[in-house]
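First subunit A sits with subunit B, and in the next complex the same chain sits with subunit C.
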Partner chain A sequence: MSTDLDQRLKEYEGKEAGGPEVGADPVNIPMIRHWCEAIGDQNPVYLDEAAAAASVHGGIIAPPVMLQAWVMRGIKSRPATGGSLTDELYRLLDAEGYTSVVATNCEQEYHRAVRPGDHLSTIATIESVSEEKTTALGVGRFVTNRIRYVDQHGEPVADTLFRILKFKPPAKPDATERPPRPRPAITQDNAFFFDGAKAGKLLIQKCASCGKLRHPPRPVCPHCRSLEWTAIEAAGRGTVYSFVVNHYPQVPAFDYPLPVGLIELEEGTRLVSDIVGIDPADVKIGLPVQVEFQRFDDELTLPVFRPV
Partner chain B sequence: MTFTTTTPRLADVDVGDELPPLPIPLTRTLIVATAIASRDYQDVHHDPTLAQQRGSKDIFMNILTTNGFVGRFVTDWAGPDAVIKKVAIRLGAPNYPGDTMTITGQVTAKDEAAGTVDVALRGANSLGDHVTGTVTLELPR
Partner chain C sequence: MADLYFEDVNEGDEGPSISHELTRTDLVMYAGASGDFNPMHTDEVKAKEAGLPSVFGHGMFSAGLLATAITNYVGIGTLKRYKVRFAKQTWPGETFITSVKVTGKRKEDGENLVDLECTLTNQDGEVKVAGEATAALPSRG
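== the complex of A and B ==
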């Protein structure tokens, strides 16, 4: 699909970016030293005059791969108006939302060694501006420039290709935008349990006829089939009867790895609940735990268990 | 790996020869120092907050520095009498602070007439290949 923007961007292709960009300084030893120190490059032909003179180079040369550093603009930002055609193209892409940039390809062919005293300039041609592509970084457009490096006499020293991706930074997920915890399915049988949690109480269903406790909540006593029931408040102490540590699939509302326990309460019933406050690797069967109530949002408070 | 002071002769190098691997611990200082040494003041190479706003996990190494390490990798092996003629690299996974990139490579072609060899290399970090590419080097006969 070709858009108006595609058409506008096509017009840049094959055009020279404008007058040569002149390096701020001639090739010099201090900048070579900073470079070699930062990269940890011990090749003596870059800084040691005697060793360089004895080498095939016949004297100090700048690291060939340092080429681009000689014409970098430095801390000055791109001019808001004017500048080269490349500046204009990048401003257009910025305005269309492609505000981020990464370099993706660099090819450099060196015609001769660059030496202290050389003063380099670049002559750039915009080779291509791609259609919008979906990349791991977001949607973007690849811009390929052919850049010729010339010396102070206009003689070419290198020919290069430089490709960048101008892309739209994806919206950063914000902690406040985290999706809420999934809601429990509340029925008239289990509503007391969740209401209890909201009130800071861990409730256990109790048969009104035979007095036995049961969990999860259900309408009929499995022991005497009575439909009459009430609830008692548990002490909140228990042990890990069994557990899993979830790694996958990951639901955005939860933190992973996620230890989920089957907790056996002192009162004898068991319930499924998150285990908090422990390295998932340290969860063990038999681990003594104590209930606490975690408020996730205005509507949802749930019991969780923490090692004692 | 330290720098080799003697450059191998063209005749001593064969296709398939492996270069000594170059492991590079990617400290935050390294990423910032190399960006500034290459006059690259893009915020993504020194400012973590702005780097994250621009869609990145953290600051990351700039491409000029990747070129720098590629050059060092081959001349650490090839010594002072090697002449780098051509470098072509392609970037993949970013080099974030705290990781290590290890560059490995081998000789993949030899041009007797031109007196050059090609070294194919890759620099891999914990996320995958940061850089893959080829360097053409002229060696003494």
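== the complex of A and C ==
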């Protein structure tokens, strides 16, 4: 299906991009050296005068694939207005959301070796702008440019094709989406507590030898040092023994101000838990509370306490 | 590197392979050497803001590496034509392996031409750059 944009883009096809782009500097040894160092190309014909003189080339030549570097604009960004027809085309594609770019094809035919002292310019023709295509990177349009490289006498040194994909970058994750609540570190000793919460039960560890309750879960009874234990299901009623209202630092998974209570259970042990359903300013020591189970996601359910 | 003569080359011959682990330093050096300062190649912060896992390699860096493997093989013989397709983006930490294979040889307009097929893959065999080249080689005759 052809759209207005397709029509507008078609108008660029077959057109010359504008006046020649002239390289900032003539072909020179320092730039060849930098390029060879970046690529790791140690071919002596690019930098070793004597070896190059003895070669079929009779002197130093620039690496053929370095061609593009002789006319690159460098750090200067695309002009906001004016410039070449290619600049105008890319501005239009940017404005339509095709802001990302990758190269997809490069074809170079070399008519002669490029040597220090040559001063290259390019004459570009926009060959085609494709319809919108779905690619692995996202939806985009292929832009094919034919670029002729000429020397300072206007003689062609190379003919090239360069195709890029201008594409719409994938949507960023929604910044307002909440990160998941941090996971508790589950161990052999405390797994029963979190499994219990998932099943809607407040399970408290009980020493199998002396019968005392303990929380948080741990392997040894602090009263009789027994390693034997079981668990009881607490009724979930208790009072606020102490509390803090946390303002800072803020972790994105939580709401602030965040009241956190030390809850004394009727059964006689205490546990740390969120206090919900109350203005944090109204939390008081001695406040009667009742457990409920809050499901945060598929994996995590935790007990929280609400005033009764 | 030793000179390679047209007579020494046969269809199916393979050139020596280059192996190279791509680093962010490579990308910075190549940006400076080529004048391609697209921040997606050199600015990790901007690349991540754009939804990418990290900066990614310049296509022409991979193409340059693959061309080096070709010219290492054909010696200082003249590269006439080089044509590549950038199949996948490249990422720092990947190790590239080049492959250059002779697909044919012919004489044309007094030149001794050798056609080559070339690919650059990563350590998992994923093709990053694939293409072909033609080089003119000296003759013993």
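Rule of thumb we're sticking to: the second predicted complex is superposed on the first by the 177 of 308 C-alpha atoms of A that agree within 3 Å, B and C clash if a C-alpha of one lies under 4 Å from a C-alpha of the other, contacts with A are read in each partner's own complex, and residues count from 1 in each chain.
As a working rule, contacts are C-beta pairs under 8 Å (C-beta built on N, C-alpha and C of every residue); 3 or more make two chains touch, one makes a residue touch a chain.
Treat the numbers as computed from the prediction; the structure is a model and nothing was measured.
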TODO: Following the overlay on subunit A, give me a clash-or-fit verdict for subunit B and subunit C.
DONE: clash
TODO: Would you check which partner chain A:Tyr110 touches, where first means subunit B only, second means subunit C only, and both and neither mean what they say?
DONE: both
- [ ] Would you check which partner chain A:Pro170 touches, where first means subunit B only, second means subunit C only, and both and neither mean what they say?
- [x] both
Open item on the list: If we overlay the two complexes on their shared chain A, which of subunit B and subunit C does A:Glu49 touch? Say first, second, both or neither.
Closed with: neither
Open item on the list: I'd like to know which partner A:Glu266 touches here: subunit B for first, subunit C for second, both or neither.
Closed with: neither
Open item on the list: Which partner chains sit in contact with A:Glu228 here, subunit B, subunit C, both or neither? Use first/second/both/neither.
Closed with: neither
Open item on the list: Based on the A-chain superposition described above, do subunit B and subunit C contact any of the same residues on subunit A, and if so which?
Closed with: 31, 34-35, 37-41, 43-45, 55-57, 63-66, 68-69, 72-75, 100-110, 113, 137, 169-170, 172
Task: In the complex with subunit A, residue positions of subunit B that touch it - done: 2-3, 5, 7, 30, 33-34, 36-42, 44, 52-56, 62-72, 75-76, 79-81, 83-91, 94, 140
TODO: Quick one: which bits of subunit C touch subunit A in the complex? Just the residue numbers, please.
DONE: 1, 18, 20, 26, 29-30, 32-38, 40, 49-51, 58-61, 63-65, 67-68, 71-72, 76-86, 89, 138
TODO: Name, in rising order, each residue of subunit A that touches subunit C in their complex.
DONE: 31, 34-35, 37-41, 43-45, 55-57, 63-66, 68-69, 72-75, 100-110, 113, 137, 169-172
TODO: Note which residues of subunit A are touching subunit B in the complex, please.
DONE: 24, 31, 34-35, 37-45, 51-52, 55-57, 63-66, 68-69, 72-75, 99-110, 113, 137-138, 167, 169-170, 172
